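Listed next: structures, encoded as structure tokens.
The two complexes that follow have chain A in common; it is paired with chain B in the first and with chain C in the second.
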Partner chain A sequence: MGSAGAAAAAGIHDGELGAPPQTYTGKVPWQEGAADAPPAALGTDFRFFTPAERSFIEAAVNRLIPPDPAGPSAVEANVPFFLDRQLAGPFGRGDHYFLGGPWKKGAAEQGYQMRFSPAQLYRAAIKAVDDYAAANFHGAAFASLADADKDKLLKGLEAGTVQLGDGVDAKSFFAMLLQNTKEGYFSDPLYGGNKDMAAWKMIGFPGAHYDYSEWVTRHGEKVPYPTVGMKGRPGWSES
Partner chain B sequence: MTTTLKPVDAVLVGFGWTGAIMGQQLADAGLSVLALERGPWRDTATDFATGFAQDELRYMWRHHLFQNVTDDTLTVRNHLDQEALPMRHLGSFLLGTGVGSGGVHWNGQIWRFLPSDFQTKSHNQQRYGAKAVSDYDLTVQDWGVTYDELEPHYDTFDKLCGTSGKAGNLNGQIQAGGNPFEGARANEYPTPPMTQTYGPTLFGQAAAELGHHPFPHPTGNLSQPYVNPLGAQLGKCTYCGFCEKFGCGNYSKASPQTTILPYLMAKPNFTLKTECEVLRVELSADRKRATGVTYVNSAGEEFFQPAEMVILSAYVLQNVRLLLLSGIGKPYDPKTGEGVVGKNYAYQTMSSVNVFFDDKLINPFIGAGALATVIDDFNGDNFDHSGLGFIGGAYVGGMVTGGRPIEMIYTPQGVPAWGLEWKQAAAKNYLRSFSFSIHGSCMSHRGNYLDLDPTYRDVHGRPMLRMTFDFTDNEHKMSDYVTDKAVEVAKAMNPREFKVNRRTGSWSVTPYQTTHNTGGAIMGDNPRDSVVNKFLQTWDVPNVFSLGSGAFPQNAGYNPTGTVAALAYHAAHEITTRYIKAPGPLVAA
Partner chain C sequence: MRRPRIRGKAALGATAALGALGLAGLAVGQILPPLPAHPVTGVTPVGFLAAPIADTTPNAAQLQRGQYLVRAGDCVSCHMREGGDPLSGGFALKTPFGTIYSANITSDRETGIGGWTPDQFHRAMHDGIDDQGKNLYPALPYPWFRRISRADDDAMLAYLKTTPAVSYTPPPNKLPFPFNIRFLVKFWNVLFLKSTDFRADPRQSAEWNRGAYLVTGLGHCGGCHTPKNWLGADKGGQDLQSGKLDNWVAPDLTANPRTGLGGWSVEEVAEYLKTGRNARAGAGGAMADVITYSTSLLSDADRHAMAVYLKTRPAGAEPAIGAPDAHAMARGAAIYSDACASCHLENGVGQPRLFPPLGHDAVLQQADPTGLEHIILAGSRVGTSPAAPTPLTMPSFAWKLTDQQVADVSTYIRNSWGNRAAAVSSGSVRSLRKSLDLEAIRYTANSGDQN
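And then the complex of A and B:
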């Protein structure tokens, strides 16, 4: 849910669920100092992934965004930590997902149709992929496969040609993993990934600026602004 | 137990753009007005301040401002023979909730439809023959209202928002620099157009070389400070690039918050209740009059709110669902073609072209929600459709709304979605590419409709809405035709390469396309073919009005909200000048 403290005291919350009903008449109900500031990922410990799951995740995300001189790999950008915090929090629980039944397979056009919340899906899918790897690559877990075999397996998940056990839809899992990996790579460092804003620097995105007025007519020039995250900005408050 | 509350003159169901517009109009006419909104209060300083508004993860991908589908969603399928399944996560469209709703996190692309768009059936029939409007099982209709009738109300919305743009047709005189194809406007835009950044400028040059008519997109992102007729003040847009899907921290994007609420919330005869979800409209025993609405709040308490007038301003999907749940109007049956509620659901047909340069720094992060140079040469009936095999069209815009890296990195044709090749292509192209948007119409079709799902229920036990929709051959042909025109513009720009993203295959719930859902509570000139009359009054229950894009009999090749707002003002004018003096049908059936 939204950040604790001031925000909770002001009755502000994440999304529309769970807030008390209010009646307003005669004035704009604005509260001085109230801010629905984002919840930062704190600490460095892993709370969701087991050590074996962490090995899988590190191996998988580093194939999705591998190391090279252009910029950080997903592991260098701290994506596994980002994923851990996301899965340990509201996203992992399926906040903003409808997970009620009945559950049916559906056409690709109908989108995500599993009963699993994202956290449940990661848990089940990591095991299912490791089981698949063991059965098809001489007993090895995914993390210990050669890069070429990792890529082969990942491509199979992406295309849905690899069939997984435990009720896991391979394509849906892959799509979620890739999306979440890019989120961890490119989101504000506040959420634990995009370490040192290196992914932003790699592409040339200057970050959480809010005023480019000066540069609108300066076509084709390099914007010399330093890269900033939300925390580096004036107006940021840890409420 | 249901508690009965003190009656009010008018109850608004939902408090986004249409709710705020109608609320202000009715409150100014002296009525006691109550707005019931299922989501929370929202204001700029608290909810999207500049210290944390530019958060791609939280707002775009974690849906912080959007409807939470955990306890209510809709079911979807492409055709009648399929079983509809729930949309378990938002994707193709991002439904709003809370005060201001979609008006908070929209782009601010403000359009008027073409005069001929309001006569889709008769106009095309006359020009291209009867087959043109019946091919592919199309069920297009005329609107029962004309551009000329709506013009003063479009103008009111422009003045409310302070729309930045350049007129192309002032009272019939074509103006240089504007859209020469638009319907005649009585007045110039309230503020001058936005200054174009590099990408849109290049697009405009290339389009002009080809003989097209480029002009700056009209925007609700303001080019200069503005005070509107309600005394609300808007600031100058800073091209922050976190506009659509985000709230504006600068008070520079027209929204209910920046244009209406400071005025309306201060009125003693207006009350807003948040976290209150309307379950249904209650009818009198003879079913000819609404007595009020039943709603439940987030504490789980249920109330009956008596009202003289019920205004559905809950966005098209919930409006249609409430009509169906309340038994107002005859539900549409796609097999027989009979009935009207849920009929002619339509959408928007989108495609795009990405262009990549070696020598040009586009700097896509300098952007705004509606920042684009556009051509309207291939929209509506602005071009001769003879022999083309479709009706409708699209605008093509060289748009740079921002460079948010999770969503908006373009990579060339053939680059995979991950791995080293993807990473290197992202690093190489991010600053040197941008996209054209081909924003197409969507005609209505016999098999595209909305009804109640037989299986899935929301947290209150009510059937979910079921959406049956797919693009027809008319839409695919139209989209391909205009996309080809966009490709010609791309080539004229001499990029290193370009990539064409055509509208292929069936409609899918992912990825994001537009939140331009239309139809299902369509307007027209008689009760056999429509749910509401030209004043958005339901034919069956004259004290119930249904606002919003549900009234569109089919969708034009433009963003809807300008027309949604004009229709709301048009209805409000009739309600406040005629209806409240003599309640009853405003148009004889």
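And then the complex of A and C:
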């Protein structure tokens, strides 16, 4: 138990990555009522973004996934709220990232190499992009640019042709923003995005059902289940 | 991070010895100890109970018999605390009046019962009086144990005296005045200790009588399965018609076809007692330990005899049951199909011996829905046995379903597939959720809702 105790002290718990192996004899331990309940985003208030940052994020994600007859835009799907809660929590703090030096520009396979936690990166990058917009588009903040200019700037970030100040790597920020936007758009509504499961309905994914194994070999068939999230669907409480 | 542990356990109705209301609302919350270790014996409790006693041992026949009877009496379920040695006691039985700790009944002369005489032991089992002449609380199920024959008491004591001596003194009981006055148990005994020594019924078969001896004696099945009055004693004339304990419901075991064993065959009852599961049900809650430490370790003949006897118990009167609300049924059906049907399958047919079928199911049709709500909120694990060593677990839905949703899915399954029982209210789910303190139970650091 010594090593388990040490791991617990370091904030690692049974069953988590990094937890030491344990031996059980006699019976398999079980705790009534315990569940690895996913951390749901409750409420509607924004906790991380300032109003200006929120305007930036809404404008940016709505260019990444704009309104479209096929399905909701990123803003309609509540992606900014999802991002806000992610950045306010363990993801934002970079709990699972190595953030120590050296901070050299690594190869692509080496993944995230910056000294910013994701929350710090968003904060610094939003400011840097707005500064860049002001300098290059007649003093305007990113959010008030015309769609075509927003796209031009975003493409510049993606390609790395736009240089940002404050030590922010434009490409890395864009990659993270795009990735997180997709996550907010398609993840379970419990985390705050994918409002009304509209993104799932758009692509015909019936959601968090327990078991799809009988469908694995039935290619091209429509799965007739109602779309459901981890915390249910309207039919669970409306009738 | 808090990791309290709740243990459903045999807080028998009779623990309500000195007044008040049955055993509602008891949850045993304590911090999870490290690995279960058995420092003296170094064996698992089941290994301990099944340890062979060589025929060459002096007095082997009596000792083997005594060991068998200790299994039949489920002594280990109560006389073992988490991480402690079997029979060394210290298990906290929570009652509405306070906590009663089980005694050390190993052969230790100082802290156990190594120095007890057969007369003293018989008096404890028969009359609830300890070696000092003091009253024991009926948390020790002597109202049932008193039906045991003297020869069987002697055999148990002989065996207990061969168990490894464990020096351990349980903590003092936490009973407020006046429940801490043992003397008052005498009045309880005068009022309620009606049971007599076992008398065989000559009109019944030898097997039936053997079953009756085990069920109403050592097995003390009525300790949980018989409803209790406000003083914690059996309600007269309602034997085995469903009792409540520790936020669980021990279901009706009478011939009632809806809530009892009326639809079960003798073989099905016997299989349940052997493996904790059969084609109809799985044994969770407090019954899991009864299976693991007691009935799974008995002989097929004795389990069959208990089943034969149980199948002859008369059913109580059937209540009038109104039709459920159609809206609640529609919501419940939606929840069932998304959250439950993956294991219990559409139409509740289940996977016999893995996921209990829910049609014509007695557990979920009990008048008191606490047991059903408990299973859905907190999950439940089927007891293991040598014949079925893999525990099967129903997951906890406390984080996923609201009180209203638990109520609706309960109402739905209580009124589908041949089931018929009163609707469940969200208020009862709310109070159970509170008394189980489920909000405090989380496993991982990231688990739970962000506030």
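Here is the rule we use: the second predicted complex is superposed on the first by the 194 of 239 C-alpha atoms of A that agree within 3 Å, B and C clash if a C-alpha of one lies under 4 Å from a C-alpha of the other, contacts with A are read in each partner's own complex, and residues count from 1 in each chain.
Just so we're on the same page, a contact is a pair of C-beta atoms (placed from the backbone, for glycine too) under 8 Å apart; a residue touches a chain by one contact, two chains touch by 3 or more.
These numbers were taken from a predicted model, which means no experiment stands behind them.
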Check whether A:L145 is in contact with chain B, with chain C, with both or with neither, and answer first, second, both or neither.
-> neither
*May I ask you to decide whether A:A59 touches chain B, chain C, both, or neither, giving the answer as first, second, both or neither?*
neither
Q) Touch check for A:A77: first (chain B), second (chain C), both, or neither? A) neither
Which of the two partners, first being chain B and second being chain C, lies in contact with A:G232: first, second, both, or neither?
second
Check your understanding: Which partner does A:L87 contact after superposing on A: first (chain B), second (chain C), both, neither?
Key -> neither
Counting residues of chain A touched by each of chain B and chain C, the higher count belongs to B
_Partner chain(s) touched by A:L42 [first = chain B, second = chain C, both, neither]_ = second
Name the contact category of A:I203: first (chain B only), second (chain C only), both, or neither.
first
Overlap of the chain B and chain C interfaces on chain A comprises residues 13-16, 22-31, 34-38, 90, 209-211, 230, 233, 235-237
Counting only contacts in the complex, chain C reaches chain A at residues 1, 3, 5-8, 32, 34-36, 38, 44-47, 327, 330-331, 334-335, 338-339, 342-343, 377-381, 384, 391, 393, 395-396, 398-402, 404-405, 408, 436, 438, 441-451
Listed in rising order, chain A residues that touch chain C in their complex are 1, 11, 13-16, 22-42, 85, 89-90, 209-211, 225-226, 228, 230-233, 235-239
So, in the complex, the side of chain A touching chain B is made of residues 10, 12-31, 34-38, 63-66, 68, 70-71, 90-91, 94-100, 102, 104, 106-113, 151, 154, 158, 178-179, 181-183, 186-188, 190-191, 199-200, 202-206, 208-213, 215-217, 219-223, 230, 233-237
In the complex, the residues of chain B that touch chain A are 38-41, 43, 45-47, 49-58, 61-64, 66-73, 76-78, 82-83, 85-91, 97-98, 195, 197-198, 201, 236, 238-242, 249-250, 261-262, 265-268, 270-276, 297-299, 301, 360-361, 363, 365-366, 403, 405-406, 409, 417-420, 422-424, 426-427, 430-431, 455-456, 506-510
